[in-house]
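Structures for review follow.
There are two complexes below, and they share chain A, which is joined by chain B in the first and by chain C in the second.
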Partner chain A sequence: MPEMVTLAIDEQEVEVEEGTNVLAAALGAGICIPNLCYLPGLKPTGACRVCIVEVEKNGRTKMTASCTLEAKDGMVIHAHSENVLRARRNIVELLVAEAPESEVLQVLAERIEVEDVRYPERDNDCILCGRCVTACAEIAATGAKGSIGRGMNRHIGLPFYNEEYCQKCYECRERCPMEIAPQSRRDPCGVCGSELSKNEDLIPEMCGDCELD
Partner chain B sequence: MDLARVDAILEGRGSEPFDVMEVLQDIQEEFRYLPEDAMRQTAEILQVPLIEVFRLANFYKAFSLKPRGRHLITVCTGTACHVQGARKLGDQVLGQLKVGPGETTQDGAFTVETVNCVGACALAPVVIIDGEYYDHMTPKKLRKLISRIRKVDAQEEETRTNA
Partner chain C sequence: MPRLGNLDDLAALCDALGSKREQSTRTVTMCAGTACRACGCLPVAEAVEAEIEKQGLCGEVLFRTTGCHGFCEQGPLAIIEPGNIFYAKLKVDDVEELVSQTLKENQVVERLLYTDPVSGEKVRTEDAIPFYASQTRVLLGDNTKLSPENIDEYLSLGGYTALAKTLTSTSPGDVVSTVQASGLRGRGGGGYSTGRKWEQCRQAPGEEHYVICNADEGDPGAYMDRCLLEGNPHAVIEGMAIGAYAIGARQGFVYVRKEYPLAVRHVEGAIEQAHEYGLLGDNILGTDFSFDVKVVHGGGAFVCGESTALMASLEGKVGEPRAKDVHTVEHGYLNQPTCLNNVETWANVPKIITNGAEWFAQKGTQNSKGTKIFALTGQVKNTGLVEVEMGASLREVIFDIGGGPQNGRAIKAVQTGGPSGGCLPESEFDLAVDFDELYEAGSMMGSGGMVVMDDSACMVDVAKYFLTFLQDESCGKCLTCRIGISRMLDIVTDVCEGCGTPEQLDLLEDLAWTVSVGSLCALGKTAANPVLSTLKYFREEYEAHIEQESCPAGVCPALIHYTIDEDTCNNCGLCAQNCPYEAISGDKESGYRINGEICTRCGICVESCNKKAIVKS
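Showing the complex of A and B:
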């Protein structure tokens, strides 16, 4: 029997197996924490920071990504506090500015009520979320792709930029927020707390990349 | 490229990230750059994804993907050095050797690179030539240093042809 841990997420008691990350714990309990780079069941990378939450400890709070945070007994998590919502909107705003063409990002922005984008548009075709890299390594088990360079010059690529190292399975493309259309098949469930998700008229576009069942 | 030289370097190495780094450093020293085949060999023998090797090779300034010259001149352009006039030093070297930053002279003698801070800010501006650190550099001192290296090289060349 795996050990169980109990934590509180948005004042709801959640029990999960030891080793579960906080994002998975929340989603499993029907608490929506918007996320982007996370691929359920695969190793989280914490690249996009959309899933940030506040962890409360001794009356102080610290903000951190929930997908890379391991659930611990007695943990107190705030996924929808004012601070979190503000920071998350800002993060998504930056992502939209980075890649205004991505429908997935637009839907995500809409869902968490980003009102306008105050940052200059960059028009990139990649936001470095790393989903393709995870998919390549863990789903395709090819492990061909990776992020190359650093700082402003960081980009995703193949060894020696040689296409031959790609097995053309396209597991990566199917998960790239720049390539895929927002998931539209889910009904609005309302659990993420967004007004949009409760509004029948706004389906099918709104529930962006929701991983809730 | 002589893969046996790579194999000799790879002998007995593990596949932890630090092992890969050590191997790459040794290959860099041996060939003065990281040849593609050497990186492939490293990935294969150490059983690490090739992209990991390529990523490291691209990440660190200490590695070069193109052959470097026999002498490496690194001009620090970090904040402290910049304030102390690193740009003039850069202009001096590049002008004297007629290359662009990151390039190698036609005769393969010098490669000029820049780096952002080498952790010796109190000695700014700093220039590193073939692993030796020169502090409080001035364009004049630099010009003399380069000329001297040229002269020594020419003398060596002469003794070699005469021998």
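Showing the complex of A and C:
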């Protein structure tokens, strides 16, 4: 039997197997933490920062991504505090400004009530969520795709930009949330459902079928 | 070299080397650090050696080249003992006189002495130089006493006795307690308690434990770690060996950037020599303790100095940080408990063991103990590496050691902590060099960069400089850092170009907060500090750019204009000849005009005008 740990997320007690990340724990308990780069069951990278939460420890709080945070016994998590909502909106605002055409980002923005985008629009297809890299490494077990370059030069590519390294399984495309890959599922968050989605007026269309409350 | 089989062998060797050292009646010490090499110290050093031989002083005079002494701008420099005579800016032509007068005749050559820029007077001895006099050179002092290429020199000063003492008479737990009691905090930036880190690492279960020395040093303008590693590599190695014993590691790594070839060479040479004496390798000094150190060359990415990125790079992976909710003391290199410390942190360890925790804890403030080395640069009279006791005020460092402003200008700010730090105004100069005080004021101790700026610096431009650096050095993995920094840079650039708006300042603050709370690693988490600190202390400069479209310091090109004052101009045409962009047109009859569209605000015309007829507005 795996060890279980109990933590509190938004004052709700949640019990999960040791080693589970906080995002998975929350989603499993029906608490939606919006997320983007996370692929359920695979190794989280913490790239998009959308799943940001506040961790309370000794009366002090620290903000961090929930997908890369391992659930620990007695942990106290705030997934919808004022700070979290502000940071999350600002993060999604940055994302939308990078790729204003993206349907997924617009849905995400709508869901968490990003009211306006205060930055000049840029015109990017890829927001470097890195899902394709994770899929290539873990689902396809090819490990061909990777990120190249630093900072604003960072981009996704194959070693030496050589197509031969790709096994053409297209596990990556399947998981791309952007419009670059036509056959992608374009789900913004794997499984979705939101505390916010309880507000009838705010439920975007795609949240309607969600299994979570 | 004989292998040292036990503690007594080491003690005997140290004694022998120590007394030999004392016997030499005369020594000439020249700095041969990277900066002095760039000033041409090697030919001078060769000439001194040759001249000593030529004048028949070989037996009496001991000549050595050392690592950096700190006062780099005065190089090539030499210290002659006895007498502590200090000669600066030496040339090959000076050597004959140095040897015949000073070494042979005991005469000081006045013209080779250093002139203090503050008093304008010649200073005879090294100790009397104001730049050195206000320092507490616990670590840098050793740099001036030994040749880094010869382990015997380190041993002659009692080197490796701290390790010997540790191995033979102290339990690992007691070593950790000593370090903890000393109050030593990490010198790499974060200021985490070294003793606590060691304890956590020691307690963490794992098949292997590792120690790593972080010598990636990538802050612009900082070179403290390079100089320690170059000048006294054995102190770092000895510190690592003590740490390894304390936490139960058998393998250590020095992760050093490959742009530091001399440091790489010296530390590699030092490891080899320590091996030959049996001070590294199996069964050190005949004990059960075995430890080895490997040098790994970093590619020079700033982010690779971050602990998790460094360990990824060490494993041969992309040097990219990971979320640090799981600490590297538990799961670090190869997922094993790993203790990473900065070069200066390690170098402090043998001192603490030798002199005791109380000795160390006496120096400094309540929560910041010991000394700290800074790379003092910018618009002060004296620049170089300075080591001060914690608790010294910024004012002491800038005015007493740095000698105050150049050219009668006024000092406006100091930037501490590198790209993660912030800018503090003159009104905060009474703050102490102390981890917590600097942090609370909105800056950081960081690894020890200290850039002094006078009123010719534009603080918005300074923020822009650091953002540009960080934008390039961010690994780009997480959104808030990659995109957040570039958006901050866009806004600050708008401000510099006079097209910023008051709303943008609010957005900048909101964004800065988002980047600091949202980013994955400390690069992103601290990236907003240069912006936040300049906004806090120099907001009026941002506002002047926005509201009056003017740059008070006259730095931002888009907001300054050069015009020719017709009344002063004598139509000589020199400015037009000198302008590299051909932005000045006219002739001797009708006068000259600057075309603002073509002008790049380089200022060359101002320099070229004998009449000072070109005005900047």
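In the analysis below, the second predicted complex is superposed on the first by the 180 of 213 C-alpha atoms of A that agree within 3 Å, B and C clash if a C-alpha of one lies under 4 Å from a C-alpha of the other, contacts with A are read in each partner's own complex, and residues count from 1 in each chain.
The definition used in the following text is that a residue touches a chain if its C-beta (ideal position, glycine included) is under 8 Å from a C-beta of that chain, and two chains touch if they have at least 3 such contacts.
All figures in this text were calculated on a predicted structure; none of them were measured in a lab.
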item	value
Partner contacting more residues of chain A (chain B vs chain C)	C
First, second, both or neither for A:Leu105, with chain B first and chain C second	neither
Which superposed partner A:Lys145 touches (first chain B, second chain C, both, neither)	first
Partner chain in contact with A:Ile91 - chain B first, chain C second, else both or neither	second
First, second, both or neither for A:Phe160, with chain B first and chain C second	first
First (chain B), second (chain C), both or neither touched by A:Val114	neither
Touching both chain C and chain B, counted on chain A across the two superposed complexes	146-147, 149-150
Interface residues, chain C side, partner chain A - complex	301, 303, 318, 320, 322-323, 325-326, 471-480, 482-487, 490, 507, 510-511, 513-514, 517-520
Partner chain B, residues of chain A touching it in the complex	137, 143-150, 158-160, 165
Sites on chain A touched by chain C in the complex	45-49, 52, 63-65, 68-70, 83, 87, 90-91, 94-95, 97-98, 118-120, 127-128, 130, 146-147, 149-154
Touching residues on chain B, where the partner in the complex is chain A	36, 39, 49-55, 58-59
